[in-house]
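Below is one structure; the comments refer to it alone.
Letters A, B, C and D name the chains as they come in the text, with residue numbers starting at 1 for each one.
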Amino acid sequence: MNAGVRTRRLASGLLGRAAGGGSVLFVSASITFIALHIMPGDPVMAMLGGPTADPSPAAIAAARHEYGLDRPLAVQYGLYLWRLLHGDLGVSFSQHMRVAAVLREQAGPTIVLTLSALAASWIVALLSVLVTTRRNRWLDGAAASVETVGASLPHFWLGIVLLWVFAFRLQWLPPAGNSLAALILPTVSLAIPLGGFIGRVTRDSFAAALDQPFVLSARTRGLSDWQVRVLHVLRHAVLPGLGLSAWAVAALLGNAVVVETIFSRRGIGRQLFEAVSMQDMPLASGIVLFVTCLYVIASLLIEMLSALIDPRLQGARR
Amino acid sequence: MRAEHRGRAARLAVLSALVAVAGCHRPRTSVASKGPLRGGTLVYATDREPICLDPHVAGDMPQVFVAEQYLDRLVSMDRDGHIRPWLASSWDISPDGRSYTFHLRHDVSFTDGTPLTAEAVRANLDQMRDPHTQSTTAGGYIRQYVGTDVLDAHTAVVHLSRPYAAFLEVLAQGFLGIESPRALARSRDDNCQSPVGSGPFRIVRWDHQSDIVFARNPDYHRAPPTARHQGPAYLDGIVWKFIPEPQVRFASLQAGELDVIDNLPPEDELPAAKNPELRLLVADRPGNPTHGMLDTRRAPFNDIRVREAFVCSADIDGALSSVFFGRYRRAGGPLSPTTPFYSPDFEHAKDYDPLRADRLLDEAGWRRGPDGIRERHGVRLVVEIPERASLAPADRTLWEQVQATARQTGFDVRLEPMSDTQANQRVADWDDDVALGYWNTNTADVLRIVFGSAFLGRTGIGGHHQNNSGFSDPAYDRIMEAALETRDAARRRVLYHQAQAIISSRYLQITTYPQTTRLAIRSDVHGVRIEPSLGVTSLYDAWLSR
Amino acid sequence: MSQSLLAGRRWGDARQGRPAWLLPLVADPGAMLAACFLVWLVATAMAPALFTARDPIAIAPRAAFLPPDWAHPFGTDASGRDILARIIWGTRSSLLIGVLSTGLALGVAIVIGTFGALGGRLAERCVARLLEVLFSFPTLILSLLFAPSLGSGTRSLVLAVGIGSIAGYGRLVFGQMRSVREAGYVEAARVLGHPAWRTICVQIVPNAMRPLLVTATMGVGQTIVWASTLSFLGLGAPPPAAEWGTMLVMGRDYIAQAWWLTFFPGLFIVLTSLSTTVLGRALQRTLAAGGR
Amino acid sequence: MSGQALQVERLGVSFGGRDGPRQVVREVSFTIPPGRTVALVGGSGSGKSVTARSLVGLAGPGAAVSAARLNYGGRDLLSLSEAGWRAVRGREIGFVLQDALVSLDPLRPVGDEIVEAMRVHGWGNRVTRHQRMLDLLARVRVPEPELRARQRPGELSGGLRQRALIASALALEPGLVIADEPTTALDAGVQAQVVALLREIRSRGTSLLVISHDLGLVARLADEVVVLQDGGVVEQGPVRRILEQPSHPYTRALLGAGRRGSRAAARAQLGAPLLIADRLDKRFVGPDHQARLAVDGVSFSLQRGQTIGIVGESGSGKTTLARLALGLEQPDGGEVRLPDMLWASSTRRVPERRRRGRRREIGVIWQDPLSSFDPRWTVGRILADALTAAGLPRAAHEARVAELLRQVQLAAGLADEHPARLSGGQRQRVAIARAVASRPRIIVCDEPVSALDAQVQGQVLDLLSGLQREFGLAYLFISHDLRVIRQMSDEVMVMQRGQVVERGPTGTVFGHPAHPFTRQLLEAASLL
């Protein structure tokens, strides 16, 4: 394969990804718009202080006009997409801030939480798989069972139980806050189910890779069991788990809604929950789009990483 | 008097001017005797974060709590409900009651250096009235406001469209704090992020979803008469944290990471009371207590016998003893005990009496069906209660117990969980049988708002009626109007007693417990005060002994 | 050789007295345990009264927040109701939510997947893109966005969880259909002269469904977990119905004082999810081992 | 290169299982003197691979290896610790597995694999290892070693990667190289090159242990042969004696499988044409977006009772031609006709609906029968399905299924069995039964015996011949195996890159190959 072909293929691949990412963003923008418009209740009333507030008709009309809610739905939708195209996420009803500013302020903690949970789950999964797979029947089975149990735990329940044990009872870790120590419990409650899941997938592929002839071939060259695992098998075994990681990033970002609430952490998950309950359309859609963007970026990075690990994948995509 | 929202202010609501300090442990005298110490930063944690720090915009309780620390008002209100000077050193009321002339202090400037002038008063009141401000509380309080004339730099004449006896009381509330006109001149949304006042603290930084940082205003020298000291605040600053989860908030307090938390949930009161490092500061709030309002506009509650039966069938005391660990007192009448003109005569009109409930339903023609639920003409005795998402778990459980006890009498009570907006819509459309809520305010006039026929109509577009019972009685309305017009306390007492009697005898609501403010304070924190006009936490007098 | 093989199998059947597909279950104690637990759950769901004498709804305010003891093995809740009884009576709706939402998602996924795989090139591309987008949309956020519109209650939970799971199943069905479409036996059927519709009905669809059996088994547990999370977002079953997710959410605020309110319903959710996973994996091994 | 002797005496290997230990190798003894070559031969399951692996301590997890003596260079291998074994592997005994595509790590450049062999034994430094790796690649005749070293197995041709694999085994100049089926997955031409390479290695004094089922390979490499059956030695001795005067019937059977004769004037008269292919073209777009002709202007006419053999290397277009003949692919040029109907045409699209009614006339047998069976179905159901397609009433199915099983020499009881539980030979018989179920006139056989052991191959081919005689079937017979083609075909077409480079009666093509490619193929298969 000459360099020109490779570059061309890479370029067309990137273009395809960009188009794919664009359509993902478009659909998620539309889903958010629809969801927030079919919601029962009136965002203006939510904005102006709930049921027993006594806003004057003039105040209501002013608010409607200010956020364009007095226009026909189709026009609102068109304007919404048009502004998005220009990178304008609008102004949040409920926060009295530009959505971009809210995201700038709130996205960091969520991204940190997501990445730390992803990293933690991979570390746990890889350690468990590397150390135990096919090492010993009992050990293998026990570790696989632990992974299965981990994958079955609802992060929501796990978070509450961890909070109760480590923050309320033992008081080893702070129950809330934005410090590094306060990151541990939310990370763990997200990482255990995901780590179990990745571990299970990786264990299967690790075992399958161990059966491959090249493993035997490597052994006949004098490699030790550990060398074979780390140098050869691991590389093959991580691929399926890696493929799932983009999805995992999206799931983690979604689960942040719950975990951030339980641990009273700041972040876009909790903000989204509040935005939806306030029917704050610009903020909710801004956060959803941001999350979708992160997914698109994550899947692109992971695809690149996969191609780095398995160069055969480079040509495989259309 | 204006009322507060109940919906979104589920746990954090207004405290009256007449705070009854119940179960409040005084700071240990041995420490207090050394006198207040200066310095230190107090860490305060609350559940809800304001959406805007300017209390003029929208107008929700968390905003007042923040405003109390950095804003002053024109007038203040003391514990006895008397209006006292503050930024206005004196005022005159025109004989027709439509013009108020305020004489402002000459030595006040905002923390951005802008001096306090009559122009500033005009700018503030005008901004509250401007529809673009989206002010629902402050703006709603001063509907009668016409305009302000600036007589000289420190004399402002405020004109009202009609007499409004409550105007000064309203001005004493944190929602109508006076902000720097220079800061107000910025866009609404900019002002929301960093408003400027003349209070004991100034806002340094607002980290959304995390905290607000306040620093002492070193030039402060005009505390209201209700304060316990004069001059700048003792604290160097405040970190005002937002921790929505009650358990997490309490655990953090116990762990020593916080100094004061508010909205202590009932389940944490016992552990808090047992903990020697903590003090509780609990105060009942006046107004119409926490309740379920029965919708008399549709069957089955259009029949007073069914209403009475429902009220008698609910074992509220049992619920309070279990869910609230016996820490919440029962509110039996239409007014909370701390409300002016409250009468204890109606406390036991609604006690649990299942036998009476059975008899009433039998009389009304509702017969028990095979599953124990009563029926009449083939219609089951169904009671629909919309339950909004923000309802606290303890309240949920309380209504589940009402559901269970009412079922024994033959009611099929359906608790329907839904989003806040949907629940509001159901109540607005009279598509409910019981509307859950409470109404905190410092006047018995609340009974006019909650049960007056003038409040049956919808306000605004898709708005709400404040009278959720559908009760309409011209005689009752006349009593309430008469009570507003007279200034004779004895006359008012008689009128409000009549009103309470009427409401109680019509079985329009199941009242459960009075709203309360509940703070848990670490023992090395002193001088935390509850401000009388709206009953929010004031940290101006607070100091740390560590 | 073939005869002895055959004989061996017959003998095995006779010995076990069970269909052959049950054999791997018997051989795997974990799967056996999981299957027993699920059978118990189903029995509980059908006749809860057989497993507890206590009323799950009647309240006893004076007996609120009792810690676990012999009379109340899992303690009592804020209204003095026995938590074990509520868990047992809650099995039905929790299982129903799991099964129905899995069924709903699977049904829609089969329609979409079949249409995409067999409906021509354009349909294939559209469905592929649609599923990609849906899959990338975090399920919890999707549920969160639509939760207020759906309202609360079991029906809404089923809808929300079902809709949220469509993308996952859709991808699976679609992928399966496409790979089965290319399978040797499909071509063999064509060479034999079978009409296309017959091949779709007799071979493509049933074969594509085979792995779905595994996924759906595991899916039931996952959806119960999922539904509990949605209870947290306000989609739970209305009171006083006992439903695990709602019990868990209601107990959350009392975790520091009464851990048993949250712990036991959560434990049952975990056990159910675990059992379906273990059983699903056992089924998967059976299918992978060939034959049924 | 210090040749050392390997002595194996009464080697036994057993695997623990649920039903107690299973003995897979028993009482195997042989010696490889320095510089000599020993071949282990036998069918699949004869224990030859396990024997070879146990010589480097890799018989597999759960294997129990016993031997009266297992010495290499006077050292007792059985007493080695795991670390001891590792020191032996690669350094003293090299090992070459079959099919380098999977025996080399597909994710790593082949150069790294060779370097790794040196690195784990601490040989040299980064620079010297790299240099030696290039030398090794050059030694095993890999052109452009610098470039190839950076490529992954998937980017190399079968021959090149097999050489790279051999290079990795030779990295530290072990005295003994074990080669397990070193040529099995390769095309005939490449096979010859690899054999030449192995001979060269042998000529430099390295001892070789070759494991193979291919006696042709053995004949060209080995000094001594050990014949294994079911884990035991049935015969062993010098290669010449074993190949020329086999004493054990199993050896004779193995030899017989490899020494099939030609189809000597099997058919006197041929019938009318049943299937006519006329200048067929089929284009494919490759991964590099370049269109190429997989089938390029191929014509033939298949008559009743006739077998046309199509031979060529993999990728020469044989299978595509078969699919065109079956009407599974639309030709891009030319057409296929039945005597009374247009079957497929590049100019006029023949609807599948029209073909469907006539499909019963053309059967097919694939190389991998298992994937062509619905995994849910039993043998009986599979056959009944074919009968349904042929329009046979349901009532007659059972009898006909039994008849079909009898015709392909399978026990009637197998009807209730799933194909996954059958042996390869049995499966292929089921496939044949299905192909003949509709009483077709033509059967397209695409590599029908390539996946089978030599012995079983013979049986299946005999079955096909028998059915042809019985029913007058015409075969379009595709194989890469020249011996099989020679045995089965009346007429042969040799394909290379989509084109027929030579065609003619079997005897002529094999006896007097005209095209250089044909000659090359025949040479590689040592049929010249």
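The working rule: a residue touches a chain if its C-beta (ideal position, glycine included) is under 8 Å from a C-beta of that chain, and two chains touch if they have at least 3 such contacts.
Small disclaimer: the values here were computed from a predicted structure and weren't measured.
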Chain occupying the most central position, where position means C-alpha average: A
Chain pair with the most C-beta contacts: A-B
Whole-Å gap separating chain A and chain D, where each centre is the average of the chain's CA atoms: 48
Interchain centroid distance [CA atoms averaged], chain B/chain D, Å: 86
Distance from the mean Cα position of chain B to that of chain A, given in whole angstrom: 40
Distance from the mean Cα position of chain C to that of chain A, given in whole angstrom: 23
Multi-chain contact sites of chain A, meaning residues that touch two or more partners: 39-41, 163, 168, 261, 277
Residues within chain C bordering two or more other chains: 147-148, 252, 255-256
Residue list for chain D, restricted to those that touch at least two other chains: none
Complex contact set, residues of chain A against chain B: 39-42, 44-63, 66, 91, 94-97, 102, 105-106, 163, 167-168, 171, 174-178, 261-264, 266-267, 270-271, 277, 279
Complex contact set, residues of chain C against chain B: 57-59, 61-62, 64-65, 77-80, 147-148, 151-153, 234, 236, 238-240, 250, 252-258
Residue ranges of chain C in contact with chain D within the complex: 1-3, 5-6, 183-185, 187-196, 202-203, 206-207, 210, 290-292
Residues on chain B engaged by chain A in the complex (per definition of touch): 2-8, 51-52, 57-60, 131-137, 139-140, 143, 188-189, 192-193, 207-210, 242-245, 247-249, 251-252, 255, 257, 389-390, 419-422, 424-425, 427-428, 437, 439, 459-464, 466
Residues on chain C engaged by chain A in the complex (per definition of touch): 30, 129, 132-133, 135-142, 144-149, 221, 225, 228-229, 232-233, 248, 252, 255-256, 259, 262-263, 266, 269-270, 273-274, 277-278, 281
